[in-house]
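In the two complexes below, subunit A is the common chain; its partner is subunit B in one and subunit C in the other.
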Partner chain A sequence: MAETKTAAYICQGCGIGERLSTRQLAQIAQKEGKMALVREHPFLCGAEGVGLIRDDIEREAVTHVLIAACSRRAKTEAFHFPTVALARANLREGVLWSQPEADEAAGLTQEMANDYVRMGCAELKKTKLPLGNPLAATNRRILVVGGGVSGLTAALEAARAGYQVVLVEKERALGGWAAKLHKRVPFREPHADPADTGIEQLIAQVTGHPRIRVHLGATLLETRGAPGRFSVQVSVESGAAVTEEVGSIVQATGFTLYDAGKLPALGYGKTPDVVDQAGLERLARQAAAAGGAIRRPSDGAEVGSVVFVQCAGQRDEGGSHLPYCSGHCCATSIKQAMYFKDANPEVDTVVIYTDLRVPGSGEDFYRSAQRKGVTFTKGRVASVEPASGGCKVSFRDLILDEDVALEADLVVLATGQVPNSGVNIELADDDPAKAAQVPILNLAYRQGKDMPQLKHGFTDSHFICFPYETRRTGIYAAGPVRRPMDMAQAVEDATGAALKAIQAVENAAAGRAAHPRSGDLSYPIVRIEGCTQCKRCTVECPFGAIDEDESRFPVFNESRCRRCGTCMGACPVRVIGFENYSVDTVGAQIKAVDMPDEFSEKPRVLLLACENDAYPALDMAALQRRVYSAFVRVIPVRCLGSVNTIWITDALNSGYDGVMLMGCKHGEDYQCHFVKGSELANYRMGKIDDTLKQLGLETERVATYEVAITDVARVARLIDDYVAKILEIGLSPMKGFA
Partner chain B sequence: MSGERYRNSFLREVEHNVEEGHWVKMCMQCGVCSGSCPFGPHWAHPPQELFMMIRAGKREEVLGSDAMWMCTSCYNCVVRCPRKLPITHIMHGLANYAHRLGLAPKNQPTRQFAKMFWDNLSKTGRVNELKLSLGLYFKDGFKQGIRNALAMKDIGLGMLKAKRLNPLELVKPHACKGAKDIHAILAKAKEIEDRRKGLSA
Partner chain C sequence: MAGSVATSQTILVVGGGIAGMTAALEAAECGKEVVLIEKSPTLGGRTTLLYRYFPKMCHPICGLEINLRRLKGNRRVRVLTLAEPVAVSGTRGDYTAQIRLAPRYVNDNCTACGECARAVTAEIPNPFDYNLGRIKAAYLPHAMAYPQRYVLDPSIIGSEDADRAKAACRYGAVDLDMKEETVELKVGAVVWATGWQPYDAARIQPYGYGRLRNVVTSVEFERLADPRGPTGGRILRPSDGREAKNVAFIQCAGSRDENHLRHCSRVCCMASLKQTQYVHEAWGEEARSTVYYIDIRAIDRFEDFYRRVQADPTVSFVKSKVARIEEDRASGDVILHGVDTEGYHRYAARHDLAVLAIGMEPALRAVEVPPDLPFDASGFIEAGAGGMFGAGCAAAPLDVNRAVQSATAAALRAIQVVNKTADVETI
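Right after this comes the complex of A and B.
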């Protein structure tokens, strides 16, 4: 690359020119920041301003550009210069809009702006232009694992979008659960009657599609690689192993019904006249084939009365069965009751439920069943026993508050969905539960053979913010393997996952990051000769992007990397960084701040703010003109997980009076974009107290906060409260030693 | 006995014979009606429970209950019911059906009043207020009647002074002009209703 030439552009628009001395800022950029070229402009994001920068890049061979104007989150399209390294100093939101307009505040406001220009220059000089993953691989085929409604939909949607698809199904036929149904719950208005499943047409579309290859009776022997270059060994029906090269993967392995055999109290196994929902579908299909009424299994007599027991082995607080609600079973029982009522209104159908849950348009379906005369009874079933000529259902009627017994020819248990997630990689290797599990993806990753599981065995998903995302880049879970859902939801889910898979191959092919830093061209660069093989990066990477080679050095799979920098925050010897985000780019900014002496009564607080939530919250606070202390200096970080403790000790050593860290909510309902980043940061900061004590400092000098993007009012208050606390405990005694 | 429980037989009977009875199956047991009823705590069975009893096949308990007789027709439940059930009308329909079958509780005061009101009205085609109130005073016997009348004497005298009450009505009640026609209309209406509900007159 050509020689480095830096340039700083200071905008005077949006009131910057009126309230700040841009002259002074320009001098700082020139003298302290050592920028080769410094320009002031009244309206930098306008066509003329942007043209000026573009001209300098072309004619003056500028390679590094500092834009001192608005927040880095604003005007990104105007300030898009893909051929140069870029840094932004936030004068508008960071200074102008968050500081009081009064004349007496002008001094502190200018000091703040001066520091942001110093920090911008320092960052710029350490930044390189990211060029994209040099190992970018361009396989754009998509592998779909599972041939049920979710898998078929994902395959078809991807193929229709122009992508080659390989579909692997464990069974010898496609269709999954849907192929076992008599009819399905209706998707469309008027939501009144059961509808045809449509599975034959879907299967025909998939098998007849020129871009889809189907392997039946097939399983995955091994999956290795990264987005754009997965290599998958498939064991096909003949027993031979076939290698399929693909770019991304959709896992749509579905569910199995909870084993009704575990519910002897509800009569299952004691009489063939107690069936689960799959059993009833079978009876209904037999009846349809024979062209008659549904008959009970014990003696083949026509069913005259049927009882549906909802939440059988579900929503169990006692810990012996499924603790969750599977979401679809109420509508499924309603549908099954209609099988009887539509054929013969004289059949008595009673649904015993504790809460009838029919999400979406299911309410119309429920009403339709009531109109057809299905009886709904709020009750809790205690037992189902074989009785003469049928079954006896004993339950507590929760409305009439009494124990009742009811006789029926047939009893249907609504058992729930158990995800087919493969191996729970978080279990210990010697755990007998793990040995019983059969892996699905067979990933050749150091982190384990399948995707991590979220809760109750469901396969990973960023449940709160980005439900399609998993912690294995380029592999997307879709359908009931990810959370309990019905068929309409599975279709939608599979379509979404197919689109994510397409994004993943396209990003990988261009050497760019996938979600959430989608399009980012930077990638982790490791000075491997400095590595001590401590394995922290491989263990802590939330995405399983880093393997280990035979000599136990980390092997980075850039295409699996999400560019959060958690490895950079973890590395004790600081050998990991990105071209435009490294220990140095942030470290230099920390040191660039002009530190007032301890008698100045002007504390300096460093705020490391997560760019996903906390930094936007700060921007929005500024937009609402919420004033906060002029003593704070904010540096955005990719994730709190990327914060290396060296930054904290450097800051305290160079005289900062306090360090605030703002990241996303962690724990069970985490909102961290990188899943584990904020949690790891919190864990690491839990240990910073010892360091503070060694330095002879109060533990309050480092504080960690959970900040959501909506905490607009709170974020300004947190800063003011913290600065007040610092003033109370006094300025740092470390000033002047650096 | 349990054989008939939660079967559709009583629900069907209600559907066919009770005014607006076909709505009972549409109740989703949310309990908003019971919570909205100003008389809620005073009935044996609030509407939601009554509907469940119908579905559970508790024929005698429902028809012999005084619950539906307690309805004051405030329409709070009808306004609030998320399923738009005409609950007030169903209550009156149930009361009416129980009354016809002779299953309604004998000394239920609102039933007694309703019966008295109807007899009073249908006789002449207009309400004779004096006879109606005296009938009410004396419904529990002569002694109690005198006590009631004495307790209400100030109001009675006031009404007399304001010419809102004519004592002559007691001896010579005045009927509406077409009392005979009204009797014919009512008889025809009953005939139609009975035919529709399949009841013998």
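Right after this comes the complex of A and C.
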């Protein structure tokens, strides 16, 4: 390792040189910051300024660079020096653009800038250049769990990109739901008629592909490891267990139709002439095999009239059935109605619906059905009863606003999709519902055997912009296990999931983080000899990345880690950190601030701001030249979950008058990019009152805020209000004791 | 395995909205080289012009920040803004794209200090506000613009304003001699993430858009509700600036209509449900939102959101395709005429403002492309056998979540093309 050589570069551009004494900043960097090399430059991000830094790195063997210029979010192309440790002191947005230009403000503005330079130097000296996970594992094979349309597609698409695939299907045949269908909804124009499912060709492409190995009648006994080095025990058809080594996993375990047996009011079970959509597909396949019309189960008579009941056991407001809409069922009923109409236009087909949901070009399919004579009735079905020679469907006609009844030979209930998502790991171990669930992945993870579920049992991402965000790095859900969906969407979804699986193995092999800190080469370093086995890190990691060994020491799986630092925030003995982000890199910044004495009337407020939302909001406030108090010192953090309470107590002990924490929204519609970070921070700060009392401080001296990235005006106001509050309660009595 | 071997390993992504950014980043994070081109001066696309997303009511620029950070940290994506493809030729694995670069008149010396904007006097309608507000003719598109670099509107080139902008810049960033140029790129695969545009509302005659002052589109309404927008987030009517508390949302404006757009645009129901909550947020219990609809398409767990809005006492629903809108000249109020099909009641309903839930049509136009990029009758890109793929709303009317899925899938399809070389075959 080369010897450390630090250098600070102070930009004078964008007005910094006019409003601040960069001479003073340079002196601080040199004398207090102990920077080996200090340079001022009128336009640091210009070609000459960047060239200067680059020359110093090459010729002067500079290993650590402090850029005291604009926000770390700005000019990232210019200030890109991948071979050195880097810190940024935010003089432009953080000082110049957020402080008044008036002459009388110059003193406080300079003080602020001086502190940011001190903080930058302090951070830099504690920072190391991250070099990537040394335990990077390079298995690039992809495991696909589930052999329906989603799984087959994921396997084939990954193989087509050049990757080896192993596919595990619990049934003895591939094809899943699609193999049970007579036909499918069309994917392409003219969207007029049911299409062949294409499942045989898809199966043939998968089984014939040289890079895909298939296990049928197989389940996962255990999955352990991490991206790039998963080791999976597979119970195969013969009963033997084989081990498959893979780098990432796509879970495409599909859905089960909601049990129509739970819908006796809709006649299911009372007469064989009430079927679900799967039942109708069976009848249609039988009819096709026999070369005749669809016959009703009770007496084998040709069906002359059929009623489709939409939303059967779905969109249920009463809490007894599925609360959601399964999305595909309207189009599926349209398709099934066409089975009858295409064979014999004389068959009466009625679809009873409340909202017909056929987005996109599904509208053409709907129109085609109307042209074929399918009747669509807006109504709410009350009951289906066996009647002489058929079924009686009683419903409220919502257009005529009256109760009516229809007779039909056959009734089809459009029941919904229930995801095959295994065990709900959030349930308590003694919950009987959990005992009844059969795990799918059988993860040998500290936090449970399957993927965490989002809502209604689906393993979807919580993030609108990032549908493949997963809480188990390297494991991606695809198809209806993730979200209710039709076949066309499942194909698209599975293709996307295959990409993420490929990306996961490539990231793991390069020792870098996955989304949202993609490309980050830092990873948690643990001083395990200091660990007290308290298990907070293993319990609180939002991504289940940390396991425990037999002696209950944490086992970090770096390629499962997302580098949020929640473990670092949790650790009471502070043995966890990253090369460029640690208890020390932040702690040193906190301590570097020049603390005025208690008679100065200059409070100091520490603001720990989430770099994902609060910090950009502060930058944008500055861009709009919104002025806020000069008494605040801002330190960006990876996530509020990474905030270790030692920073708070250190700050208060060293004389800060207050500490503000700004993180993302938590709760049901949370916005935290690391799922639980802001929630955990909120919880931890809720407990800090005791500490404050012990120190003899008011509880107002620590305040936590939820801040959205759009809270541009609000962040400035929050700072000012907080500083006013501090002035009201008085400066900290701790000053001068540090 | 047979098939062409890609002669270029680079993937071209056309369109820098959320789908294009996603396709570019997902491919680059798999280790691929990507050129991402965007016709406007900034990445971000249409989602940056939305106030909030359904169903979480979160802010689109939150995800943009993450995507921009991914981009800043990844040297494999080369971004060209003010760049449009004029022609693409070739075949799978070996395409040549002609890219036209419009002059920005500001080079990468720009620090975004804003001195040029202060020096310039001319104003232009703000394209990043659907032209509802005005900005200086030297402008940063918005606070999250990337690249974070100003742009001079071509209308001031040759004027004193342009000279003033140049004189104000201390970093030599204003370059008035920039000219349009065309560059040629060799790429193996192309992802078309060219997005959508709102259907031309003026063509829906009975709704009077453009004639009636208080009829706006749903995309314009996003700007009116957004604190970053032209009204500072106050929902005010265009006619008189009065507070719009009683708002009508008209579904299927252009969509599901063989005279306009055949397809259902998928997002509009959810977008209107979301916008009723803007009205509620703005005016509290005084808010009145009425949604005129044919079917509410709150698919999958969006149903939860629909139920929440149904339970909101400030929101009511009328099952009706609105027949026509007239204006009460004196008050500027809009009066909606139609029949409530649930029970068949005629209505003439007065509102402060009518919001047309405007349909999506594909934005890709006027580019010469080889025949291996098939389009459907509505202009959406269909799956083909070549090395070019649609992503996001260029392929189908999609919500953000599904557009990102689509873009991720498109990235893999592009990777398959460029990976089809001898060395990767052996992985």
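Note that the second predicted complex is superposed on the first by the 731 of 738 C-alpha atoms of A that agree within 3 Å, B and C clash if a C-alpha of one lies under 4 Å from a C-alpha of the other, contacts with A are read in each partner's own complex, and residues count from 1 in each chain.
Assume a contact is a pair of C-beta atoms (placed from the backbone, for glycine too) under 8 Å apart; a residue touches a chain by one contact, two chains touch by 3 or more.
It should be emphasised that the depicted structure is a prediction, and the values quoted were computed from it without experimental measurement.
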Room on subunit A for both subunit B and subunit C (clash or fit): clash
Touching partner for A:L406 - first (subunit B), second (subunit C), both, neither: first
First, second, both or neither for A:N442, with subunit B first and subunit C second: neither
Partner chain in contact with A:T377 - subunit B first, subunit C second, else both or neither: first
Touched partner set for A:N139, first subunit B, second subunit C, both or neither: neither
Which superposed partner A:L356 touches (first subunit B, second subunit C, both, neither): both
Per-residue contact with subunit A, leading partner among subunit C and subunit B: C
First, second, both or neither for A:G15, with subunit B first and subunit C second: second
Touching partner for A:T585 - first (subunit B), second (subunit C), both, neither: neither
On subunit A, positions contacted by subunit B and by subunit C: 356, 378, 399
List of subunit A residues in touch with subunit C within their complex: 13-15, 43, 45-46, 70, 73-77, 80, 140, 157, 160-164, 187-189, 210, 315, 317, 323-327, 355-364, 378, 398-399, 401, 455-456, 458, 460, 463-468, 483-485, 489, 492-493, 495-496, 498-500, 502-503, 506-507, 515-516, 518-520, 612-613, 616, 620, 623-624, 665, 669, 671, 673, 708-710, 712-713
Footprint of subunit A on subunit C - complex, ascending: 1, 18, 25-26, 29-31, 53, 56-67, 69-70, 72-75, 108-109, 111-113, 140, 143-144, 148, 170-171, 227-228, 256, 262-266, 295-304, 307, 319, 341-344, 376-378, 380, 382-383, 396-398, 400-402, 404-406, 408-409, 411-413, 415-416, 419-420, 424-425, 427
In the complex, subunit A residues that touch subunit B: 305, 348, 350, 356, 366-367, 370-371, 373, 375-378, 397, 399-400, 404-407
Interface residues, subunit B side, partner subunit A - complex: 2-3, 5-8, 11, 25-26, 28-29, 48-49, 52-53, 55-56, 83
